[in-house]
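Across the two complexes that follow, chain A remains constant while its partner is chain B and subsequently chain C.
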Partner chain A sequence: MQVTFKVYRKDPEKDGKPGRSNYALELPEDATVLDALLKIRDESDTTLAFRGACGRGYCGECMMRVNGSARLACTAKVPDYTKKGPEISLDPLRNVPVIKDLVFDWDAFMWNKIKQVKPWLEPGDSPVNGENLVADLEMQDLRKVMSCFYCGMCDEGCTVLPVDFNFLGPAALTKAYRLAFDPRNKDSREQVKIVEKPKGIWDCVHCYEADEHCPRGIEPTKRIVALRDRAFNSGITHEAVARHHASFAASVKESGWLDEGRLAVESEGLTNVKGLMKLLPTAVKALARGKAPIPYMHSKRPDAGKIKKIFEKAEQEEK
Partner chain B sequence: MQEFDVLVIGGGASGLRAAIAAKRAGASVALITKVHPLRTNSAIAQGGLNAPLGKDDSSESFAEDTLLAGDNLCERDVLRIFTREAAKEVFWLERMGVPFNRDREGRLDRRRFGSNSHNRTCYADDRTGHIVLQVLHEQFQREQIASFEEWYVTSLAVDGGNCVGAIALGLRGGQLESFSARSVVIATGGFTRLYLPSTASLGTTGDGQSLAYNAGARLTDMEMIQFHPTVFPKKQGLLITEAALSDGAIIVDQKGGSITDPKGMPRHKICLSIHQAMQNGGGSVSLDLRPIGKEKLRANFPQTQELVRTVAGLDATKDLVPIRPVAHRPMGGIETNAAGETAIAGLFAVGECACNGLNGAGRLAGNTLSEAMVFGRTVGEAAAQHATAAAKRNFPAAMLADEEKCLVTITSGDSTNKDTLGKIHSELGSLMNEKVGLIRNHTGLQEALGRIQSLKDRYSRLRVKNPSRIYNYELTSYLELSSMLTLAEVVTLAAEARTESRGAHQRADFPERDDTNWKSHTVVNLAGGSGQLQKKPVAAG
Partner chain C sequence: MKYAFYPGCVSRGGCPELYPSAVKVADKLGIELDELKSVGCTGAGVLPQNISDPINARTFAKAEQLGLPIMTICSTCTGVMAQANYRLKEDPNYRDKINREYLADEGLEYKGTTEVKHLLWVLFEDYGIERLQSLIRRPLKGLKVSPFYGCYLRRPPEAITPTKELNRRKSYLDELIGILGAEMADISGKGKCCGFPILSANEENSLAMVAKHTGESKEKGADFMVTPCPLCHLNLDGNQPRAEAQTGKEIDLPILHLPQFVGLALGFGPNEMNLQRHIVATTNVESKVSMMS
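The block that comes next holds the complex of A and B.
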């Protein structure tokens, strides 16, 4: 079949400006996009730069956007695209610096972020009999998380990264989960502390795009939420967002509804004078319009008792 | 110039293990790898790793099984070390965080795999290699080892019979740099991209073996190439783990009749049965995974199911999967002793690129990862020790400049030549598959030697057209094809010399095993511009 590929180009040794090259070629019916790229590089344009390693959907190296959607080039079957039209466009992933053509910066995108979460286990002392005895159920969860093959689709779909590239991102945070939740890791508490810092777990906006994108069903968002729970349960709550969550839950548990004044104050932190001072202008304006909730001067809802029972039951079940 | 005690080339399982061991032994270590460690071929390994952990198992039984799979060509001293140390390495991996499957008591579960006589294969679903590689990379990062990722080694530096380092091209920055080291460990993996189709990654092109050979090291048992029986035969062959057979999957011919019970048979025998069935019936052979049952398929073979779907477009719970034997991995490689030492002082080799005599004429299923761990550690420590004891040698002064000139000559592209690297590789791949494949004979091998020479002539007329240094994959493909052409000749020479059938090497014209004349390894070294072959008998006792 005849296909035309319109491929993103960028040459760091020339002007580095993005461009596009078109390649028309004849391909067998079972060709994948990676097959096509290899053929283009061999026969038409040996300057085209793109990555590929396993060629069979295993290793994550050949990630790129095919007609705008991120996927592996080696499992993208050309006929699936030519059904809709004779042209296929190829681009590097979004949210990531591009080095040359389809070769983008995996280091900045993912590897360096993973390094930041201290991505290794601190083993305990050797068990007497050979292996640590652990239930397969716990190992099963880790195997699921470690089926991650660093394809980057979760980071590619993330809605925070385009706004803040320094956010650790779902891939690195999933790695942190793997280490925080491994019962054999002596340093699991340290693992949580690291990702509880700025640009970590609290910067996720739980849009669930990561879970939608992950081809292995690892559910990165679920893992980030689990890390947050772990942070709360371990008393590791330094960030304003953590205080925000704690305050929100506390006022609903006690009074059945949200004490907005208390929320604003406790999110900043009762000893955070600078933060509290920033709230003053808003508080004054609200007061002038009769909309200021006085923190802690907050009535209970009629069925507050029932709501408190729901919380207590949930807390009991968690234990 | 970069200076380290130990330089490890290759970022897969054995390379990472060696680097970690060398660092822990006190050496300053650097890793050079042409792809990121997590993109290496090790990630594809599925089945598991062997260790004699069962109450009724023993290192003796383990050794017996390995020897059987190796069809009597294994070196016993290496076998002893291996079967003794395998358990230690599996426990080490577990301690470092590999989430192996467990039995009801929380102990490491072991499955029956290939022709192992006991259940001794520890596993993590059907993604053992992938998960073990991650844990190795975690520990590699913990050791803070300098890592040069996406760097391609162009030459080894040898001075007065000693290896003193290497020269490599950084793909990202485009710079050529010298790496001075007292010990160099080659851990670059196999070379089965020489065959098309094969189960190997695109980069499995035998660069390490070629570098070592050209520097004066010897290549041994190169004719021994294992074909994997159950591969979906696309160009990049999709391997379906043999563990599927142990769990109930069956191999059927075109009429649906089951082929000889493959449970417990060494791979080369299963391959021959399939080959036979394809010749006789003249049709295709398939793997029927349905007897495993939907639940078990989902639970134990998630990777298999996923890849059968995405690569083959089939549903393993409903469809038959066409398979045939496809070139998988070599037993032969750079000749080393048990400590990974080669014929060149300061040059070590480990893993699939090396041949220390463990595997003989065939690998026991589940041994490869265990081997990478046991010898990764042994060789890493040996390399560190050598670096401590070795005298400081100077890196040859003119070498970097000469290498620069070499690259300039290579990249003086001639665009009138219609021949391409891809065409030559494609023809080479088909040739090896046909004439130096599962079953060989004298006529075919002679023809292969002739055609390899003409492919080499065509190659010598090619130049690299892309003058860039940054991510120039035409240049790396050019160098990789050179490795493959070099090794193709060595493999064929060795296959021609061995006038018997043993394990993975099957000769239609010499169908019997000949222990009288051929209980020996083939050893090839480069002399006077061509490969010189010798026989080395298997050590007694």
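The block that comes next holds the complex of A and C.
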């Protein structure tokens, strides 16, 4: 099998400008992208920098973009990427500082963020015979999350990171879930409070892209949603989000459905003149175009009382 | 063909142009709508599952009593209800618990048989494309259109695309653009988030997403973008001027709701579809459409 690899190049010790090198290779049919990179480095270009370790999809070291999509080079079979032609492009991840060629800055990409969520456990109970025992069943859900091998695929798929690199991202937030939901944890609210800060759970758009990208089926988005639900049920500490959620909940509780006019105003805060002023141009346009009804009315749903009863009972159950 | 119609809050609140357009289009297509009036908000991904699941179970039970599948006109309503329905259908113990604790008081029970479908899915899966094509009175030739699904209409797979065949749901809007005679201006973020869910938590990021999607569509030469999600519409249309101010770049891209887009092809006038009610002016679309008829 004859394949040409078009590989992203950048050498900070030379001019640091990004470019591309082409390597034409003869490969066996079962070759992986990592096999190809090793062959290039062994046989034709010793200056090419890339990462790779376990070679079997376990360590996550060799994550890169293969024909534009994030893949582990060691599990990406070359024939799967040559269906449209015998050329394969290899690039480092998007929106990540590149150190050299395909080697990017993992600290900036993920590890510094994981450190921010206090990624260790402080058990509440004193150990019995040196151990903090926990029932097997209680760990069932967490075991899935603990199978995370930090490949960063979820962060690569994230919708928010391309517009804000400082967002904690699904990998670090999933780590927070793993600790917050551990039955041995002394204070299950601690990690929740950490990730409630700006750039944490409330910056997530819960679009489920991360779940689609995770090779282990850990479902990072569902973990983030669980952290948010826990925050909601125990009192949100993020000020703007707390206002928004309280208004949303009050609206559904009182009328059965959402009063958007009220939500827009209450989310900004009734005393936040600056915040309310920025809504004004859109509000004026909406009124002029008949988008917002005059006079503004929001009626109760016919069974609003029954919906309120369910709402309050569910709230009570959680306490 | 009849559905339990769940129009959602936004179609009469922040996007009041949507509800009447959808009703007119359904009527023209011969889709009968029995509106669910005494049911609650889906929770929209804002309310936690422990509160929204019982409220949604009540909605499903009401539709089940009517013996009708639910039809929505909102990606977010569809997504949140489909996820809740998945949990309730998959786990009979969970369903029993919700029935016992929340619905029994009213004499209601959800047996787990209700289907939830967006109008977009209804067109392809129930109504039939040939039947739709036979009703096109104004093929939208010469219009370039970008699709924008709303992420809740794409994922998670167990609720939205549970079978290989239903994976096609991810391309319905792309297909529809061609079916109605228009040309597609494809964009990389069509299945991504519009930014609306984080408008309160991080307005800057939210508006950056609006600028990214609408800017790319404009660069691809689109006359407008079409979305089946009114929450996407609120952000992509309603907040487009603020996104322009943030990036310092003019975008000026009209955003149409799915029923408005279908309605234009069925022969409705732009005013009948309430295009004049949008924040971003639709003048260019209106003049191109008026040249066609």
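Assume the second predicted complex is superposed on the first by the 254 of 319 C-alpha atoms of A that agree within 3 Å, B and C clash if a C-alpha of one lies under 4 Å from a C-alpha of the other, contacts with A are read in each partner's own complex, and residues count from 1 in each chain.
Note that in this section contacts are C-beta pairs under 8 Å (C-beta built on N, C-alpha and C of every residue); 3 or more make two chains touch, one makes a residue touch a chain.
Just so we're clear, the structure is a prediction, and the values are computed from it rather than from any experiment.
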Tell me the contact category for A:94 with respect to chain B and chain C: first, second, both or neither.
neither
Partner chain(s) touched by A:197 [first = chain B, second = chain C, both, neither]:
neither
Where does A:39 make contact in the superposed view: on chain B (first), on chain C (second), on both, or on neither?
first
Which of chain B and chain C A:55 touches, first, second, both or neither:
first
Determine, under the contact definition given at the top, whether A:233 touches first (chain B), second (chain C), both, or neither.
second
Shared contact residues on chain A - chain B and chain C:
none
Enumerate the contact residues on chain B facing chain A in the complex.
35-36, 38-41, 43-44, 53, 87, 90-91, 94-97, 99-103, 105-109, 124-125, 127, 130-131, 134-135, 138-139, 141-142, 172, 174, 201-203, 234-238, 302-303, 306-307, 310-311, 313, 420-423, 464-466, 468, 470-474
Mind listing the chain C positions that touch chain A in their complex?
9-10, 13-17, 37-41, 43-51, 54-55, 58, 101-102, 105-106, 151, 154-157, 192-193, 195, 197-202, 204-205, 208-209, 212, 238-239, 241-242, 276-279
Chain A to chain B touching residues, read off their complex
12-13, 30, 35, 38-39, 41-43, 46-47, 49-61, 74-75, 77, 99-101, 103, 106, 111, 115, 119-121, 123-124, 126-127, 130-136, 138-140, 142-143, 146-147, 149-150, 179, 182, 184-185, 216
Taking the complex as given, what residues does chain A use to touch chain C?
159-160, 162-164, 167, 198-199, 202-209, 211-212, 219, 221-222, 225, 228-229, 232-233, 238, 240-241, 243-245, 248-249, 252, 256-261, 267, 278, 281-282, 285-286, 289-293, 298, 301-303, 306-307, 309-311, 313-315, 317-318
